[in-house]
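Here it is: the structure, laid out below.
Here the chain labels run A, B, C and D in written order, and each chain numbers its own residues starting at 1.
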């Protein structure tokens, strides 16, 4: 059956093939079908023939921006540290970008992780991606052995069941609250435009947590991260995490202990989220990657809400506006500052 | 091998008795997350299809294991003199263990053969396994030398049949656990036949012909190492440790000292060859500085290096890495690719 | 508990720092003389030149360091330590008398009692990789009749970066061995050889007949030392190398130091070049 | 129970104070020189600028058992490095909110501006912060313990 996804898949294959055949790009970054019905596999096509395998569907949950700096670097001719790049343009990469991924690319460009000139971006408006954990819950613990997706419906089946649901019911939480489905930087648009969304209460879950008392919030936080195995899938799936040495690997001083420990796991999640402050585009790759189903997106989502409220800032919308933590305004909120007897302030920036 | 026929009430009685002197653990689902938890005897449910998300490695190779302890108070006479930390604790029974997980304990005891900590854990942990009636599509234990009806590593192996379970008694400890039932509940010849039939049926594997471990042992190391498909894997891989940490047979570890308020300990904790720091020298030089090298090492260790050293693959075919890999790297494909190299 | 304690491979022998020698002008290399606290531990300690041990600093961690003393030097152990990471930095701040744990000996060592016996020996070392070769040299000199001609080629960047300076002088005066000490570039006050180790090795190395070469040094030195040796007929199975990799357990379990199927900590650190050639380049 | 509450009664909070070298540290110095009394609960860490204080450091202090944190820098406009404290202000706003969000009591994490001439104000600030932290008791949440 022809769907928006199948049409987009065809268009992506065509464009990617053209790009590789014409030599405009050295590699094309997309997805291929996975070996399981609920997962796709990020894939680097290096020959025109390989583009026939590319797919586009609601299971493309990994943020492709994550691969770009490394892939671009791997295509450069090898050189020693400090040696200047060779004359002339460096090999380019073609890539698919949705709204959030393109915003991550903007941030990577702003943070000098890559050059815009080396990217050929095929922009696809996102219809929202599927949360396979929601599918698992729907299947009630039974193994999902096949999945079909139309523009509005998702059908899953297994050994002795078949179920159908509206796509909307199984979309990822971040896609449900996404307001910018369209890519902000692109070289060619693929597929139809999805209008900017109006989300009724985009931060409803965050506000719900904020309304709890400190003790309940701590209990929620502990429960949320209790099953963390410290595999760092959330970190490694994130296009914002590119430090050559991550803070978890610093040994002198060592910020975080490395085994499973209540404090160390908490510290890891706090600092990981905090490092994404003002940069996170809520692409949801962290949550999609987590093998334990931890909803660590809630931590970055809180920061996103605060950045919006305190600094009126949404990251990655524009190559020319600075990220919120790389700038300041003299009149930035400072009600949380207590200044001794001279200037009695109230506490807690977010407290009403 | 002695086989008993137990009905549900026998099982309940046993669990209640076991719980008096030992701690019971089983897979528990909560909040959409499945893990191994201490349970009350009557809370035990037959395990769900397939394997729980976490493997049982944590019982034998805890995260972390305290190796040594010491005082860090400068006034103490034995300050900074480490002593072994090896609490025996109560015996534990892990219930509902699938054949793949049980077999992983046997495989891990190969590298840990001389490890006193692993030994204590093994000596104080009993495994009551449940064989698989319905393997999942990601299960491939039969490729790796196991079987859905396998009993390796178990003290008792339960197989569900009409009206209860057939319990195969596999160790002295298993015999002890069954108490007087061991002598009074013997299965009938028909029931034994039924079990035999199930085992035979399970042997009809779907995997590659022959024994992959044996075939891969014989292949030339550098032919496998230099295969071209590794690049494709590295293209997709994000180099996280999800596969490693979920894997029942990944056993690499790091050792580190921790000191807090006058107390110090040397711990060993799970590490992953997927992390760049794993091999990085203090000088900054990194023998496996590239992603492709790290991805390759994990699979080569499981499928080539380990078999060369110990015989079997360091993989039990539980399929956890396949199911949970965020970018769908599938070890079965890697195995097929390696096997196809001439 | 007592019985298992002794077999616990993670429990270090308690020891104390007995003396510290600053070896190099940059002060980054110090030699620690260590005495095991229990006399019975010290008396029963035995190792093969080329083996290493874990220096264990409770509260900081452990590091694998080649044993610089020869088993023929009784009553103490020597370790020459380069300051690089957390543990070595802490060690460099420690004074004589401080507590230190020793876990070992670990690894295989040079085959001084088997493969090398009766052979002419060429020791080629660069920089601070001379440590276990010092142990080997002392051992061989103590069993001088077991070996043929002994030639030592040792180089460092500057005269001030040479290890064991007093001993170098003494060895060069012996007539039962040949000693070639070289520095990379000429320096004021230096009247010895000038040139890189590979160049010197090409000039002075003896014929490969009934000979073995033991080489320790930075990878680049090893790489460039091989062609001149090969040119005069040396083969890979005559050349012994000592590999280094990140290590944690030292017991061949933790997985950090593997080079393909071998563990440097357990199967090595000493390999013939022929063995190394069959492995992936992951060291 | 009794012994625990006894212990709590005797408890005095440990507060880690990150003070910028140019203003707040000098302010603390002035408080000392001028003999303004303030509670002995703070342990001062001198930093070049409030902008130098990272989330890592604050969490590290909590991990090591600090009951409360005070970060103090120059008043806006007075930063020795022109704008270090203004960048810091944005970061601290987010960090404080995030820590509160995951259940850390707001009283524990404190930020302030104190100039080199505000010795008296510094003493008053420490009194205030110490009182605030005393109301929430000893820190438990992010403190590392080993068995």
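General observations
Operating definition for what follows: a residue touches a chain if its C-beta (ideal position, glycine included) is under 8 Å from a C-beta of that chain, and two chains touch if they have at least 3 such contacts.
Note that the structure is predicted; figures quoted are calculated from it, not measured.
When the interfaces B-D and A-D are ranked by C-beta pairs in contact, the top one is A-D. The most distant chain from chain B is D, comparing centres defined as mean Cα coordinates. Chain centres here are Cα averages; for chain B and chain D they lie 47 Å apart. Per-chain Cα centroids separate chain A from chain D by 35 Å. Centre-to-centre, using mean CA coordinates, chain C is 50 Å away from chain D. One simple way to say how far apart two chains are is to compare their mean CA positions; for chain B and chain C this gives 39 Å.
Chain contacts: chain A has residues 257, 261 touching two or more partner chains.
The set of chain B residues that touch two or more partner chains comprises 254, 256, 258.
Counting partners per residue, chain D has 144-145 as the residues that reach two or more other chains.
Pairs of chains meeting the touch criterion: A-B, A-C, A-D, B-C, B-D.
Remark: chain A residues 206, 209-210, 214-221, 247, 253, 255, 257, 261, 263-264, 266-267, 270-271, 273-274, 277-278, 299, 302-303, 306-307, 310-311, 324-328, 330, 332-334, 336-343, 347-351 touch chain D in the complex. Those residues of chain C that touch chain A in the shared complex are 85-86, 89.
Residue ranges on chain D touching chain B, taken from their complex, read 64-65, 144-147. Within the complex, the chain B residues that touch chain A are 29, 31-33, 35, 48-50, 53-54, 63-64, 134, 136-138, 232, 235-236, 238-242, 244-246, 254, 256, 258, 267, 269-270, 272, 275, 277, 291, 322-330, 332-333. On chain D, the positions that touch chain A within their shared complex are 55-56, 59-60, 63, 75-77, 83, 86-87, 89-107, 110-114, 118, 120-122, 124-125, 128-129, 141-145.
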